[in-house]
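Should a chain be cited, it is by its letter among A, B, C, D, E and F, assigned in written order, with residues numbered from 1 in that chain.
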Amino acid sequence: MPIYVEKKPDVLIGEDGTRTDGRSPLDLRPIKIEVGILERADGSALVEWGGNRVLAAVFGPREVHPKHMLLPDRALLRLRYNMAPFSTPERKRPGPDRRSVELSKVIRTALLPAVFIEKYPGSAIDVFVEILRSDAGTRVAGVTAASLALADAGIAMRGLVAGCSVGRVDDFIVVDPNHDEDMWGDVDMPMAVLFEDRKITLLQADGPLTVEQFNECLRLGMACCEMVYELQKEALRRPYVMVERRALGVA
Amino acid sequence: MSEERDEIGSVLLKEYVLEVLQSGKRIDGRDPLEMREISVERGTFTKSYGEAWLSLGRTKVLVGISLDVGEPFPDTPNKCVFVSNVELLPLASPNFEPGPPEEYSIELARVVDRAFRSANAIDFEKLVIEPGKLVYTIFLDMYVLDHKGNLADALTLASLVALMRTRVPRIELGPEGNVVVKEEFFPMPVINKPVSFTFVKIGNYLLLDPSLEEETIADSIITLAVDDQGRICSIQLRKGYFTDDEIKKAYEIARERMEEVRSKLEEVI
Amino acid sequence: MPIYVEKKPDVLIGEDGTRTDGRSPLDLRPIKIEVGILERADGSALVEWGGNRVLAAVFGPREVHPKHMLLPDRALLRLRYNMAPFSTPERKRPGPDRRSVELSKVIRTALLPAVFIEKYPGSAIDVFVEILRSDAGTRVAGVTAASLALADAGIAMRGLVAGCSVGRVDDFIVVDPNHDEDMWGDVDMPMAVLFEDRKITLLQADGPLTVEQFNECLRLGMACCEMVYELQKEALRRPYVMVERRALGVA
Amino acid sequence: MSEERDEIGSVLLKEYVLEVLQSGKRIDGRDPLEMREISVERGTFTKSYGEAWLSLGRTKVLVGISLDVGEPFPDTPNKCVFVSNVELLPLASPNFEPGPPEEYSIELARVVDRAFRSANAIDFEKLVIEPGKLVYTIFLDMYVLDHKGNLADALTLASLVALMRTRVPRIELGPEGNVVVKEEFFPMPVINKPVSFTFVKIGNYLLLDPSLEEETIADSIITLAVDDQGRICSIQLRKGYFTDDEIKKAYEIARERMEEVRSKLEEVI
Amino acid sequence: MPIYVEKKPDVLIGEDGTRTDGRSPLDLRPIKIEVGILERADGSALVEWGGNRVLAAVFGPREVHPKHMLLPDRALLRLRYNMAPFSTPERKRPGPDRRSVELSKVIRTALLPAVFIEKYPGSAIDVFVEILRSDAGTRVAGVTAASLALADAGIAMRGLVAGCSVGRVDDFIVVDPNHDEDMWGDVDMPMAVLFEDRKITLLQADGPLTVEQFNECLRLGMACCEMVYELQKEALRRPYVMVERRALGVA
Amino acid sequence: MSEERDEIGSVLLKEYVLEVLQSGKRIDGRDPLEMREISVERGTFTKSYGEAWLSLGRTKVLVGISLDVGEPFPDTPNKCVFVSNVELLPLASPNFEPGPPEEYSIELARVVDRAFRSANAIDFEKLVIEPGKLVYTIFLDMYVLDHKGNLADALTLASLVALMRTRVPRIELGPEGNVVVKEEFFPMPVINKPVSFTFVKIGNYLLLDPSLEEETIADSIITLAVDDQGRICSIQLRKGYFTDDEIKKAYEIARERMEEVRSKLEEVI
């Protein structure tokens, strides 16, 4: 019997746009990125983003098992998104559920246009995304970490893929929704973008948006992904990068 | 195999499809933004609480609704439980194998499920028997019978019809906490009717309602659902990539076509 | 918690032999058969029989996966019997249960003597029987449909296999038992027969029958299967056949 | 592998079996309708509620009964729950592999189960503690230890012995709905004693109680169970085909032999 | 709902060392061993030890399936420990649980140093240990039976492996703990020894032991294993051996 | 693959390790009985009830505690429920594959679990809310992040830290049998602190805290846990064999080193 029950806060967003964690609508949460922290994996990255802590690692190019999955003209890109049992207040049963199967697919789809899979015919590239703490936005943190782990493993890529969510809470469009907003807000719209090309490779949404709201979400999401992309580039140059909460420059 | 993408010698097919598209038509003769015929069987049914056998072109799906009662989730004591499931029957395609649901069917189930939830299509609060204690469970079981492309839209359409046809037996909580099933029925409270539109991108062409061949060779695939008010209520970028302008265009098309599709469904219910 | 509980009718069969659905003991329920309704499958048939709706489809001869199942001197005939979750008033959990594993075996066994498996060495013939609505007699409707789907797929056969159940309700021997009779009656005896040879290839029974009752069941079952066989032959000639409830000509 | 049929270079074996049969005997010296020796261990046991280690010729099986209480099924509030399970232990044959039950063991379990249910062998209503609320659950677990042919009959015989040896602890429903287990026992109410007979057809020969070799090359297999009154209570055509006359003949033989088998079992209980 | 609940006896061991089954601390329970009782297996042994009844059987050396498990320079020794549903008063669900997975590994580890696996390169030796009745000490009875089944199968071995548990109940060190002592006592320490070499190949313990207690347990355990080993040798010479409860000669 | 033993071309490695050992040192420069550095992240955490990210040399593990309430087991109505689980994450080693727990992770989980149970490390009776009715469930979930040898000791150490950091929300049974979660917390009642020591034998050398390379080529492996009072509280012989003298020696070493390790952990909590 679980002992933790989610409760909706009285006010999700103030009249002046103040959010439950004190941010204003266009503030991102603090992000910390560390690349190459694991030894056995070929590439790895740890992303701490608000209360999320996401570890991604890559093995490959390596041999494909089972053999019948081998693709003769390109690499087989596999990805597993997995939540730790202790990543949520109520323990999550180990093993894949339907949500994690979908997110594994969505994150893999987001990375695929970035990877030169045709350079590694007949091989496997395995990406593991482990959610060690979860606090809304794990899939976009996962894309961001996985993309860095691929780069750290030396896999040839067209560019980095950076992710971020935007959402709607009442009539406010907010960037990088937190747990309360994800749970009780109106819309969450996770995105990921392949830079420099600005190609959208991940896009989902789960609530009603008018044409105007949708266009605004797209615009802000693109801008957020770009900020995350700048951090990614920095992280590949240094041991690790860390930024405090910062406001989006496009508002 | 999780998707149909590799099933046909696809390089030649793609060349052919693109060549035909240059003439403004698709290989089955449709215009780029033309949907295939939708038809729904008017059958009666005795076992399921609501059912729809729907064809989208030559794609055939069957959706059945089952009902049950149980406890609500602790964080939503005032809502019924809604469960969606897609079975890619092995008789629907030589590429579908028997076994537990895989990535492809799970994604489809979640895409359909999200369209209904995000549009608040069903009044979940009307399906509460005793708040926090006893609510209905709606099972939306989606069967793919013949896979000729664009399962997402076919399943969303058939689900909407099946839900609108559903008759719910009235249930009360008896004095000793027992469940009393009345001999009365009320219609499923469908209060918004999301319609789903799937687009593929092949080269520079944006095509609506892809056939199996088009899906197989598509560079990119996206599914959008729009609600009664023309609001986007769910999106799933399912393959490849899109620019923001391409996505805005797809949304615009979906808004233009939604009334036509919705009125076609109203006819058959 | 299921909301549907089966209830036994007060009278299963009247003193004059009137059954709960108004039939007399030797009446079959209405049967409708449609052959070749699916495009992707190599052969298919839809059988609606009383409240049953059974879809069967065949793929093959095709390659065997996994390879170790291959039989070098004949085809591997595989069959899956599966009930849709919405085929019963109380939802059936997806996936094989013990009953459906047994019925898959029993139906495959019933078809095997009819198929020239030795003509397709090293290949697989896969038969799928989907119960879309269930109302007693799904296994015999399944044999009937599967046999037509094999013919529609052009698989070489010694003959068609036609199925029907007979049963005992109190002291009456009844043909084609309905749901109530299957559930609350005394005996259900499903049969299938390979025509023209009149070989019995499916025979089960689940309740006590004296020698005399058993012989009568066998005789009536054989006659019912023959009527179904006539319908099968007709269905292969036309787009579809449909018969109203009809009395057995042998009574 | 689901069955033993392909385990021996079967073409030569079949020729040999048929040749010997021409002389009126089987390869192990038996007459066509002769059964192998049945023997049952008279052991005491402390863990299971009832148990039987039985040999049919050189086939060895072990059946154990476990008991439990729980809710009855909603449509049979006045009956206990009865669950049958067969394990083809991997030590019983090089062709049996560890793992979840497969087709062969499921068919065997259901054939045995049906024989007991159809014969009304157990008075299920005597095993109700509180109608609709609390009933016994009987688990019939059948273990195959050494597979030398004709598991269906060996398991049915051993199950009958194990059930007849079972002592059921008396249980009452306490005042607060709690379960009270008394220190008394009563015998399992076995009120009919089905006996199972398996026949194979090889060429034109009908053989009773097939050995492993005979089973392997059989053209057709059928298992019949007959009750105390000589009524047929279950049939399973398990391979190949039979004419109606062949089935009637098998039934006749089963009726002739049932008393002999039943009295052999009575001795050992 | 189970109807059997374990209850702790009032006195586990008397002041004079009398145990719940009347034994004194250094008495072993009766043991009966029968070798070669199965026909289809290549080797087998049945061990009845107190209320335990354990059947072990061996197949091999035989072909390895699946192929990728094959070891080119030695045999693959596999072992499955499995409890029958009726081996305990409360029915055990069929199929491996975590305990049986561990015990399979521990018993295999105990046997491995005894088997000349290098004599059977590329082959499999499969050992099955079936617990038909369980009464404390099934793993050591299992090692004992499995080692005999290997010998019966003619597998080349360095020696037999004999097992026995010792334990602590209050301040008494007892040999061959019974069910009550295993369940409610302080420590159970199962052991197995490869003879003639006196190499310890199985050792576990589950409760606190001081240095002195531990040394005493080791000494008594070694002596018990030796007694079991003598029985094993006898059992290989005759159809079967049986001993009544007997006291350890080393006390 | 269940263990790492075959991952490196092991014959040459073994020769090299033995050659270096002749000089009194190990290939990573340690003395035979020297442990690698232990370090624990001092992070704060908001989701788990207690957590420890620990490095033992370059082996990295993460342990998280989750809490829940439920019925106790019928034979221990006065004890909470304690569940241990090890996940060998596929990112921790190229030899670990996703999927259900296998032999290697199950053995590790049971070895750690037994150390805590046998040492009576947690006062299980303090975690009973209503005897026989409602108790806490402690989930000890152990994650292996980077496998560089000796997971057993790393996981036991990290588990001890995670348990000592755990704050338990106070829970009461309400008047109607409902569960009332208070806003207070109390520390997990850790009353004994077992420490685990793993030894390998390579040739005649006994080494403490094996690296991955040493584990791979070890002839024998044993894990011992000792409690606060220096008593042995669990043993697991995991590979090969030992003489009784070798085991006694290992125990002696464990007793000598336990204070040093325990005080290192106290620092970080």
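Here is the rule we go by: a contact is a pair of C-beta atoms (placed from the backbone, for glycine too) under 8 Å apart; a residue touches a chain by one contact, two chains touch by 3 or more.
Please read all numbers here as calculations on a predicted model, not as lab measurements.
Here the chain-to-chain distance from chain D to chain E, counted in touching steps, is 1.
The chain with its C-alpha centre at the largest distance from the centre of chain D is A.
Matched by residue number, over half of the contacts between the chains of D-E recur in the interface of A-F, chosen from A-F, A-B or C-D. Averaging C-alpha coordinates per chain and comparing to chain B, the farthest chain turns out to be E. Per-chain CA centroids place chain A at a distance of 52 Å from chain E.
Our note on geometry: chain B versus chain E, Cα centroid distance of 58 Å, whole angstroms. Looking at chain D, one finds that none of its residues touch two or more other chains. Shared interface positions of chain E, i.e. residues touching 2 or more other chains, are given as 2. Taken as a contact graph, the chains are arranged in a single closed ring, with each chain touching exactly two others. Order of chains round the closed ring, starting at chain D and going on to chain E, comes out as D, E, F, A, B, C.
Residue ranges of chain A in contact with chain B, taken from their complex: 2, 5-7, 98-99, 101-102, 104-106, 109, 112-113, 187, 189, 194, 198-211, 214-215, 218-219, 222. Taken in their complex, chain F has these residues touching chain E: 2, 74-75, 101-103, 106-107, 109-110, 114, 117-120, 222, 227, 229-244, 247-248, 251, 255.
Interface residues of chain E facing chain D in the complex, by the touch rule stated above, are 1-4, 38-41, 44, 51, 55-57, 59, 62, 80, 82, 84-91, 94-95, 126, 128, 130, 132-135. Here chain B touches chain C in the complex through residues 45-49, 51, 58, 60, 62, 64-70, 85, 87, 89-94, 98, 100, 139, 141, 143, 145-148, 169, 171, 179, 181, going by the rule given at the top.
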